[in-house]
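The first chain written gets the first letter, and so on, giving A, B and C; residue counts start at 1 in each chain.
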Amino acid sequence: MPDNKSLTTPKSTSLPAVNKWVLEQINSQITNQLNSGVLVLDTDFNIVLWNRFLQVHTDKVSDNIIGQSIFTAFPELPQRWLSRKLSSVLELNTPSFCSWQQRHHLFELPHTRPITTDSEFMAQNCTFLPIETDTGNRHICILIEDVTDACHYQMQLQKTLAEIAQISRIDGLTQIYNRKHWQDTLEQEYAKARRHDKKLSLIMLDLDHFKLLNDNYGHQGGDKVLIEVSALISALLRVEDTFGRYGGEEFAIILPETDSAGAIELAHRICRIIATTPLIYNDQGINVTVSLGVAQLSREESNYEALITRADSALYEAKLKGRNQVCSAPEVVF
Amino acid sequence: MNEFHLTEDQQDCLQELINIAMGQASDQLARYLDTFVYLKVPSIESVEAKELMITLSQQKNTLAVVSQGFFGYEGIRGESLLLYQEEDSGRIADLLGYEPDELSQDEQLIDISSILTTTFLNVFAQQIDNQLSYNAPKLLPNVQEILSEHLQQMPFTWNLALKVNINYQVTDYSFNCNMILLIPETAITNIKYVLDRVLEEF
Amino acid sequence: MSPSVLICDDSNMARKQVLRSLPPEWKDSVQVACNGAEALTILRDNSIEILFLDLTMPGIDGIGVLQGIQKLNLNCSVFVISADIQPEMQTKVKALGAKEFMRKPVQSDALLNNLQQHGLL
């Protein structure tokens, strides 16, 4: 059984006067050497105390600050929101918090880091604490913690993670999406289309006689063709379309909110541009054509793979019919 | 509740202390929010770590979880988790007395979580002659990996948690959230001493 | 003659808190109920003069008991002792006939004071 007496809250003991004064000085020095801001307000939100950290990080003078409303001293503060927040601390007698992740900063204090960050101001975590003294006076203590470092490194980390994620989604050669990411995206678009009953179409396309092209111009020539064709097609697409490399010489495009008419029109445009744009490799002009298959999502498909199959069949048909053309999967009739 | 090996008297005492804390916290809140809070008896159950993960992953509609650490004297400490469903989060700004564009939805969830956690725990602490301090609340996106990582990385080992199901119903619309108090073994032992002390007074 | 008393609360501890505040001579005429349904049964079958009533109980809650008492037209002095202390609740229980509202945890002197004020002590 723990000795309860020794663990109870220390009640105010009567310290000899000398020690009390020494304690006060110690407390005061600690407050002024903290690497955090300390700001104390009364119930009218006027400043009654601030520490050295704030004095040196702002261009304000103590004599002017003490007694001023916090909103006059720091006009950048969002007054209505902060007043409500400070009220909650007083009325409920509970702490409140403000994290840099929701608001980068409250007080405009310049940061002192040698690193360059996205903001000229210090990133802050603020804590609002209710304080009651034995005279019955109530105050709010605002602690301002400088978290610029944490903020900066977090941003860097997120940026790097995003880059890594992006790299793992991209096809190295053509710089468009790789098959895995394209397929993952199709899975999502399929689910969205089903959930909201929206249109969705696919174009599967394949370079004609690519093996012959490789034989004639070598793999480097083949690679150049893949890169150029990718660029040509990308330029024709909207932001919401997803273009990926499906296989060695096969590509695929997801067209959300598009019906087969729209997809076919785009497919024809792609077909025409590639056929009519000569690609240059080693001072030689290479003529390339593509075959395309188009399919629109119907009520038939029970998964996204089925849609790919339909588009693929249409692509196969385009090849059979002589290449350099567009075929679309037959509409499903009930 | 048997996993905590609380006697019937201790269970009863704990439930009663929690009821009183809920009553007072709700009253404070009602006055601050300028509304009436319909009070239901919070149910208390013990839940094991594994069980908790399963429960959390099964709640498909969970929008977010806010986590906040608390600590006081006599080794009373733990972490509170507040779970919100998508449908409950629409009018929190309204409820808190802010304009909806004054703060992001994340901030709304964090603010109300902190208020719910600290008002309740403050009164509870008062009942047992204690005083609590709090860490800043953290919003965890409802991603399974992040949740389980967070639960595994607690600064204390815990196998059992006290699940206090709080249902706040506010005058013109229903606002629901579940509060789970994660309390490590050592703290539960201390709570038992406290409960015995309270019971001794009778 | 000690009055017949009923203490209704789902918490054993809360019931004990009320019991120990009562004058010791009353102890023999005190009954207890753990929920609203039990309380109404006892109230119906006995003439209970004083009822100490909790509000937050599962099943039939305190409000339900107060309404039951009104319907059965029972002559009983009801003192509500509750964790739910919102002013609206206090008004509501008084409107339903409760003599006084006391907040939990109940204080002995407050309880005895209230009994005295209503001439029951």
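Note that in this section a contact is a pair of C-beta atoms (placed from the backbone, for glycine too) under 8 Å apart; a residue touches a chain by one contact, two chains touch by 3 or more.
Model, not experiment: these values are computed from the prediction.
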{"item": "Contact graph of the chains (line, ring, star, complete, other)", "value": "line"}
{"item": "Chain nearest the global centroid, as defined over all protein CA atoms shown", "value": "B"}
{"item": "Chain centre separation (subunit A, subunit C; CA means) in Å", "value": "58"}
{"item": "Centroid distance [mean C-alpha coordinates] between subunit C and subunit B, Å", "value": "30"}
{"item": "Multi-chain contact residues (two or more partners), subunit A", "value": "none"}
{"item": "Sites on subunit A touched by subunit B in the complex", "value": "1-2, 4, 7-9, 78, 80-81, 84-85, 88, 91-97, 99, 101-103, 125, 127"}
{"item": "Sites on subunit C touched by subunit B in the complex", "value": "10-14, 16-17, 20, 56-58, 82-86, 88, 103-105"}
{"item": "Subunit B - residues contacting subunit C, complex", "value": "8-9, 12-13, 15-16, 19-20, 22-24, 26-27, 30, 36-37, 39-41, 127, 198-199, 202"}
{"item": "Residue ranges of subunit B in contact with subunit A within the complex", "value": "28-29, 31-32, 73-74, 96-99, 102-104, 106-107, 110-111, 114-115, 118-119, 122, 129-131, 134, 136-139, 190, 193, 197"}
